[in-house]
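Both of the next two complexes hold chain A, though its partner changes from chain B to chain C.
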Partner chain A sequence: MKKGKVSIREHGLVPKHEIMEGGEVKELLEKYKIKKEQLPKIKSSDPVIKEIKAVMGDVVKIKRRSRTAGKFISYRLVIE
Partner chain B sequence: MRTKRIKGIKFGLLSPKEIRKMSAARIITADTYGEDGFPIEMGLVNQRIGVIDPGLRCKTCGGRMGECPGHFGHIELAAPVIHVGYAKLIYRMLNATCRKCGRVLLEGEYFLCTVTDADAETERELNKGVIPEELRDAFKTNDVPLSNDVGVTKEKNGEWVVVTGKNTFIIKKEDGELNIYDAGEKRSFLREIELQREKQTDVGEVVKRVFKEASKKGVCTYCEDYLFSINTEAASAGLENGLNEGVIPEKLKKTFAREGRPLSKNATIRKGIDNRWVITGKDKTYKVKKEEEKLNVYCGLPQRVIKYDKPTTYVEIDEEERERRLMPTDVRERLERIPDEEIALFGMRAKDARPEWMVLTVLPVPPVTARPSITLESGQRSEDDLTHKLVDIIRINQRFMENRDAGAPQLIIEDLWELLQYHVSTYFDNEIAGLPPARHRSGRPLKTMSQRLKGKEGRFRGSLSGKRVNFSARTVISPDPDIDIDEVGVPEEIAKELTIGVNVTERNLVRMKEIVMKGREHPGANYVRRTDGKKVKITESNYEALGEEIDVGWKVERHIGDGDIVLFNRQPSLHRVSLMAHYVRVMPGKTFRLNPAVCPPYNADYDGDEMNLHVLQTEEARAEAKILMAVKCNIISPRFGRPIIGGIHDYITGLFLLTHGEKRFEKEEVLEVLRKIDINDLGESAGTFVSPPGIGMEVPYWTGKQIFSMILPKELDLQFRGKMCEKCIERGLVCEKEKCPREAYVIIKKGEVISGVIDEMAIGSFKGRIIDRIFRQYGEEAAKRFINDASRIAINYILQAGFSFGISDEDIPSEGKRQIREEAVREAEEKVDELIKAYEAEELEALPGRTLEETLELLIMQELGRARDAAGKIAERDLGMENAAVLMAKSGARGSMLNLTQMAACVGQQSVRGERIRRGYQGRTLPHFKPGDRSANARGFVKSSFKDGLSPTEYFFHAVGGREALVDTAVRTSQSGYFQRRLVNALQDLEVKNDETVREIRDTIVQFKYGEDSVDPSKGEYGKVVDIDEIIREVIGTEER
Partner chain C sequence: MEMRVAAKGKEEVAKELVRGEVEEETAERIKEDFMLVELTVGLDELLELEIEEEYAEDILMMQGRREEGEVKLGDIELKVNKSEIPEKVKEELKEKLRAVRTKLSVEKLDAILNKVEGKYEKAKVEPREAVGIVAAQSIGEPGTQMTLRTFHYAGVGAIYITLGLPRIIEIVDARKKPSTPAMKIKLAEEYASDRTKAEGLAMEIEETYIQDMGKVEASTEDMSVWVSLKEKELKRRHLEREEVEEKIKDIGTDVLVEAVEDGKLRIHAKNNLYHELLRLEAKVSNKLVTGIEGIKRVIVRKDTDGEYMLYTEGSALKKIRGIEGVDFRRTTTNNIAEIAEVLGIEAARNAIIEEMMDTLEEQGLDVDARHVTLIADAMTMDGEVKQIGRHGLAGEKASVLSRAAFEVTVDNLLEAAMYGETDKLKGVTESVIVGQPIKLGTGAVELVAR
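Now for the complex of A and B:
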């Protein structure tokens, strides 16, 4: 990151993104009985994805605040 | 029958060959019917392209009307014409291809180098997908360092492809040597498109780039234009060496300069295929070729600028700025020259869509079945618009041919050509910008191809996505509070028209016989279907015979009658409760009858609204409607989790009057109120009183609250704050609960109303706490019964008590009037004047983020708003709860205190876009005021009330403000309608699966948990899964703290 720039991940409105481990991903896919392609997508050009250095094919776990459920975890597949 | 799955859809253009092949007849004659009344051979209503006259047979397939689907014909156009739908694509293709050779103006592959030390091992490695060291070196010497992760793939044609970043390289084996080529733009694009195709993704974006890049090029690098040559006898060897080394020899530079084509400083040279070199300057490319001991210099063929004149004209401008029109023939020739292999660059397949097919030489003629003529009452035939258009085309086509054969001057030919183009263009689309629409003799624009398909009434939205249905009825709705909320009153006339098919079995034979025997009387039947499948209409003359004959296996189309389930709908169907299942109740009259309590979900009123009714035809549909769509299943709205069906207007007023204070009722009176509902026990009376007061006897009495309590479930415990609540807690005061002076705190214990008055919060639609609780605790049937009972009590009581509202109810005593005028309004006006004075004296201080003027306006608006509120308070005080309007406003039955204020006290400030009215003349709103007058009166403050009447200027300001409201609603409805359509289209396939995930049609997850908490709003407690407070209260008992 360039000097003087603030990480967008520290911003209060940006939910927490993490790259998932291979095993975790496998578990997730099994839980929902889906293939990777059936996950929601996120572009690799997404600012957060760029910052956490996720690459195409990675699955990120997104923890965000939810108006209905308080906390909610979503998963996204990184695409081009 | 085996079911087939659609694997894919192929789009393409019709080639002239294909058009002729599928044509059953060539059409030459523009006439339709001959004098004998039969279709003319070779004419547009040809017997070989379909039949629309009963009795005639198709000459192509032999089918009769209805059997023959129709066949295409064709017209041979005398000269090619542009297809308007593709005019823009044609233009882009002309721009992207060479005017001479037709190739796409993109750089082809060029030679880079030869791999010097290649052997069999090298190839083997390449085949394995590994880049051998020697190749890596070769790349490096050409300034293309390869990173380690770059691989190589073998193509079908035996070549290898290396992709690094943006560049693509091709390795070819030629004459035993491995040569490396730079793929150039063209190959790169082709590869890219191929890859997208494999991935089955859209190639549109790549194609767009192809057009963009190709149109930028000014020259064709495939065609060559000879410029000059250099005699190389003397220094040939030296020159050639220099060329091969990648430096431009000085001598060559000088020659270029001498020829008037100086090379730019950073011009580069590279070796091309067979004894050629390419010099790339700033924006020019030259080729140097060794031919017969000479070095000949060529440049690419310069392209000319093409201008596109909408809709179908192309003009080429040459180097001398001369314009030459490209006739469709020229355009077609150019498109023909585009090689098959390069068509893919445009995202098309040469096999299915050659570009020249976009220029029409043959026109398909749709079968007559697609453009049937209608016979008017006068016996005259009226042809379809498409036929009219085809007649025009054939006429001009014929004239064109005749004129050309007669050797008419070029000018006339061109005019006719233009006319032919016009007719063919409007045949496809009669709404082309820049072309006057073709019109019918009456002046009506013709409905041609595009108009048939496009828009709301077009084939897609009008005929395929939506069409008219049988077994439906539509009429005006009117109220009937005596029918149940899940009933619908159906006029007998309609009930006799709508039918349900019933199969006759041993069990219902007797009943069906009775029904048929009724003939045309109401609970009868309209048709019977016999065992042989023949449908017989029941008439006055045959019903007795049919009734005798009827037997098991027949089918009877019986009238709908009381208790049948039907669907009832009001447009716009914005949410699911716009269509609900009701039970039929046949009644006299001509309107559908509807209980007012079900108006809110349909958003219906009785000012002339019409509604639709659909009769369900299968047992499955009826079961589904009963279980899912019945009114009682939809009392709670899935949108906000509160009842959407409930009391409105008089229902609320009635119950409010009944339960307000402590009204005493004698036994007879109680029975009168309860007479329409099923109550067997009045329970204990509240006490005794003397009735009539003073003269009568001591009799037991019941209170209004007691009467209402009789319809509540016996165990119901509930407390809530009613509509009358003035938010004491929020204002920092103490809520007095059951001692509330306004009776705003409702306490229900063991099914008895202990305190509080029943109002909108208790039984109103959208709010109704009691309905909500009964629904959740006792189920939908109990909730339905409660609403029915409550509305009956309400109506019975209000009928008895009487309730009316008139102009005199807006009267305020003169003291109140004076206060409004002198205290509320005048004071505000004075304050406004002071503010203006302060502003003019520049004493006013601007609020943060606002200009001085904005501040002034804001303060004035506030002041005038306060004035109206103050006036409203005075009016409220003077009118009191005895006033019908106040009662309605307070109980939530209808209207608001603001409405009342405006009627009785002061209408208040009129506004446009949230500001005081400013528009009109320069510096003033009306000539009645001085320019620059900012006072309340001059800027739209209406101090009169509606009752008193408005002054002329006030009336005008009110109209100005009112117009904005009118425009707003008009704009909002159309906008929200379109937005709704888009949302529905986007979301219609989403589904909540059993694992609570929301998925779309391909099972791709959209949301991992429905609503993130997987709560159905209609099942949860106002957005929460459970209402903890309520459960605690239930468990520990209803004791107060």
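Now for the complex of A and C:
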């Protein structure tokens, strides 16, 4: 059994996660008139978050594949 | 630059487009519409700026315009991409528009797009609609038609997988481990096309204990445990007698293993205590020789694409990653907690949707994916998989009355009283209890006189 690990980000179930820039986050929050804390959360211990090296307080942009819409962009706030 | 102007064939146009990072398929299609000279300006710009594909296409489309009124494939691409509709609708619309392109004019195209945008806007759910309740009803009603039987053939050998209502309950309860964990392992190319290789891999990951390889006996006569390995089992698993011997030695530093002439292994007990001997016997029997712990059985099957793949009873996603021959990217398990741990919350969300939709579809029920998606979203909101119920979503509601109305009424009221909680009476349940209009749908809007 040789070890040749593939990145979990390549797994079919894992959508693309991206750390958002400060300006982008501001724009997003203004668009929906919400505070950062009202976004869905993702833990800093999440394996994908660890791989992309996001830290607490970052907002990640998630490009999901949707059954109905084809592509759908979602956001999560990194916590703990 | 000059070289580019010189080459005029349609193929060259396509090649240039591909070079400009336009998808090959799109390039093939739009090459018919453009002359190379028309492309050069746009292409140079896009190569320099490394513009995103969509934007690059836009530029190319603009460059290609010759007469007003005539609709080109480029127009369709550009205008549809710019419209405010979801990706999937865009693709479908493009496909249909391309088919009738020659009958279109720019005005007609605009009119169609306007109509589609309008229809899409109308199809959106209204603000303040109680989507959660609609989702619950939409899954609950067909749920009454589901089998209550826990087990069902999955069509794969003799591996049983929980299906039907019990499986749905298992998913929304966010159990740490499903009642019948199972994996679907896809294989790397060379293994997927070769049955022998696939079977070899199956043997490699199936957990095998000493007791599966032969007889383990404790003898009180000489206070030792005797192991007689079966030649057939050794051969089947491509193992050497010495390898197994080494494995037994791993049990402890003070274990004395002795190979006796007739192929038997003698393991001496530390002392002459009977219970020590029995403990040693159990330890030897349950020593893992090969395979991955937790994978009880592996079955090789051909999938619908003609690829060999492995179905397992038992699940160990973390350990399967990095094993040669396994295509981890396409390997899944029905253990959602495991997916959350290994692949993260977003993968868990996808797994919840896939598992629920598959279970519903297997029962012949047609539930809109959006209801299931909403449930998955609610369950994964806080970054971890939460159950729908007292210990999860419902237990975290802000309102005391709402929680008390759901389950364990007295406990909830007592606790709330102890901590002096306040109920703002904003939710549905609270409103029903105190008899005020529910803040949902039309009840959520108020008129203000100025």
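As a convention for this text, the second predicted complex is superposed on the first by the 76 of 80 C-alpha atoms of A that agree within 3 Å, B and C clash if a C-alpha of one lies under 4 Å from a C-alpha of the other, contacts with A are read in each partner's own complex, and residues count from 1 in each chain.
By our rule, contacts are C-beta pairs under 8 Å (C-beta built on N, C-alpha and C of every residue); 3 or more make two chains touch, one makes a residue touch a chain.
The shown structure was predicted, so the numbers you read here are calculated from the model rather than taken from an experiment.
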Inset, instruction - Using the superposition on chain A described above, determine whether A:32 touches chain B (first), chain C (second), both, or neither. - result: first
Inset, instruction - Would you check which partner chain A:79 touches, where first means chain B only, second means chain C only, and both and neither mean what they say? - result: second
Inset, instruction - Classify the contacts of A:17 with the two partner chains as first (chain B alone), second (chain C alone), both, or neither. - result: second
Inset, instruction - Determine, under the contact definition given at the top, whether A:53 touches first (chain B), second (chain C), both, or neither. - result: neither
Inset, instruction - With both structures superposed, pick whichever of chain B and chain C touches the larger number of chain A residues. - result: C
Inset, instruction - Figure out whether A:69 sits in contact with chain B (first) or chain C (second), or with both, or with neither. - result: both
Inset, instruction - Please indicate which partner A:40 is in contact with in the superposed arrangement: first for chain B, second for chain C, both, or neither. - result: both
Legend entry - First, second, both or neither for A:6, with chain B first and chain C second: second
Legend entry - Intersection of chain A interface sets (partners chain B, chain C): 40, 66-69, 72
Legend entry - Complex contact set, residues of chain B against chain A: 995, 997, 999, 1002-1009, 1011-1013, 1015, 1023
Legend entry - chain B partner contacts - residues on chain A that touch it in the complex: 32, 34, 37-40, 66-69, 72-75
Inset, instruction - Could you pull out which chain A residues touch chain C in their complex? - result: 1-6, 8, 10-15, 17, 40-43, 46-49, 62, 64, 66-72, 76, 79
Inset, instruction - Quick one: which bits of chain C touch chain A in the complex? Just the residue numbers, please. - result: 86-91, 204, 321-324, 328-330, 332, 339, 341-347, 350-351, 353-354, 357, 369-370, 373, 377, 380-384
